[in-house]
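Heads up, the next two complexes both have subunit A, just with different partners, subunit B and then subunit C.
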Partner chain A sequence: MAENIVLTEAVYYILLSLKEPVHGYGIMQNVAQLTNNRVNLAAGTLYGALTALLEKGWISALPEADQSRRKEYQITDSGQAAVQKELERLRELLRNGEGIYGDD
Partner chain B sequence: METIKPKLRKYRLFFVWQHEEEEQWLNEMSAQGYQLVKVGFCSYLFEQGSPNEYIYRLELLDQLPSHPDSLAYLRFLEETGIEHIGSMLRWVYYRKKADQGAFDLYSDIDSKIRHFNRMRGMLLLVSIVNVPLFISNLSGDMPVFNIVFLLIFVLFLTGVLKISGKIRKLEKEKRLRE
Partner chain C sequence: MTKTIFRYFFDFVEGQEQWLNEMAGKGYRLKNCGVCWYTFEQCQPGDFSYSVAFVADKSYREAKTYRQFLEQSGFRVLTKNINLNLSFGKLRWRPFAKGWGQLATLPGGYNKELFLVEKKHDGTPFVLHSDLAGQLLTVRAIRNASLWATLCLLGLFAMTFLPVLRAGVASSPWTFAGRLIAGGLGVIFALFAVRYTRLITELEEESKTLE
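Moving on, here comes the complex of A and B:
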């Protein structure tokens, strides 16, 4: 596990949104709400990220009950592990930044 | 009873590398109350509606709109309020009600670069297809075709260079931010 992965902001917030099953539009709304509208995921970018996350196995698509319902996604165990690693990295970023420029 | 809305047909030629200008034109038409409802080859059908009712965006898909991957994508977009109003091969036209907020297809540099790369690949293909055509026709007795092949080659290669310039600019930006 020497691999050092830095998540993109989009991927990070998508993973945060998927602790419970959510559909695509729900992710967009959730991310906007979490960030006070600072991060507005565009549909094309979101779809590309979801496709990549599914391939990587960090999220899974829930089986569709019927065709008319929106597809829902949820985080997997390996996705949760990736979030934990990212949180550790973010804490380090914050610690270092505040240690050096925090008093300014 | 629904009243019949006046329609307006316009003919315009935009090349793939002018898609930002095309988008801008469609949004200017929307500002004047003309809402695009149908597209054909160089032809645009507008319906009179309220000014700025819709925002328009264009995209080059990986596959034709009828492909299962594209259908899944278009359905996903639809769930977010994006309407697919027409297409020219892999080139698709979308709109979204302006009162639902800003409408962009991409919100990070990476996805913009991927889209430009797709466009560049397509233009490059159209461009180089003309090379064997040109060569095989060199000994022919219809030199006028060779002029056509050469012109198409140069035109689309110019498009490739234009898109490459846009990609370079985004990549420079990406060294500093997402």
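Moving on, here comes the complex of A and C:
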């Protein structure tokens, strides 16, 4: 994995939503709820991100019971590692920002 | 009560989307559509909103998976053509596909260059891409397709002069008509290519500081 990676907001929240298996629509609802409707993932954005994450191997699609069921996704180990790295980066961002502008 | 309207949009993404939303605002919900017509049924004004997705650059399978995903997310999806029927025997020309995909020999994705996506209105504006990167991808795909269409039409335009150059015979009225159509359409798509190139520049500028 590359040393300096920055996740997009969409990818970050998608990964947070996939600790348990969830389908696409569930991710949108989950993200809206987590952010008090600040982040509303558009369907095309979500689809693009899911496709890219599947290719990267950060999430996996659960085998479908039958065609009519909604496809469910879940985070993989490498996906969890990416989230951990991102959390570290975000802590640093916050620490530096608050250190400099925090008292204003 | 249903209402049928005959119409074709050269401005197939934005123009079409705006029109469908205006119709829905007046209480007409899109029921069905064909090559150059739309059928509407009456609904409560503003009950539905529409977004047009450009999928001509996707393979048949990619488009199918995307459609399934949208439907499973609760949207209604209709497919719509951009191409008018340009065919020669079993060979069909799809100016909007990528490379050799332009010559279609199977129905597959032909005449399904667009998805008309319908959402039950929930108070938020309906967009398919909420991120800059996604918007850029879409706009680039449309620009490239318009450029291809322009090039191909220019090629056709030039070819109409071949008989004149080789045999020195005057062009028939049919040749004139074909030349006019190819030239006219070429100009239309060139204008779209310019417009979308501007949009790309704007979005790229924005993406330098924003996600």
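Operating definition for what follows: the second predicted complex is superposed on the first by the 102 of 104 C-alpha atoms of A that agree within 3 Å, B and C clash if a C-alpha of one lies under 4 Å from a C-alpha of the other, contacts with A are read in each partner's own complex, and residues count from 1 in each chain.
What we mean here is this: a residue touches a chain if its C-beta (ideal position, glycine included) is under 8 Å from a C-beta of that chain, and two chains touch if they have at least 3 such contacts.
Here the structure is a predicted model, which is why all the values come from computation and not from measurement.
Per the definitions stated earlier, placing subunit B and subunit C onto a shared subunit A by superposition produces a clash between them. Touch criterion met: A:G24 reaches subunit B and subunit C at once.
In the superposition on chain A, contact of A:L62 is made with neither subunit B nor subunit C.
Once the two complexes are laid over each other on the shared chain, residue contacts for A:L90 go to neither subunit B nor subunit C.
With both structures placed on the common chain, the touch criterion links A:T45 to subunit B and to subunit C. Shared interface residues of subunit A, touching subunit B in one complex and subunit C in the other, are 8-10, 23-25, 28, 40-48, 70-71. The part of subunit C that touches subunit A in the complex is made up of residues 53, 66, 69-70, 72-75, 117, 124, 127-131, 133-134, 137-138, 211.
Subunit B makes touch with subunit A in their complex at residues 59, 73, 76-77, 79-82, 101-102, 104-108, 110-111, 114-115, 178. Residue ranges on subunit A touching subunit B, taken from their complex, read 8-10, 23-25, 28, 39-48, 70-71.
The part of subunit A that touches subunit C in the complex is made up of residues 8-10, 23-25, 28, 40-48, 70-71.
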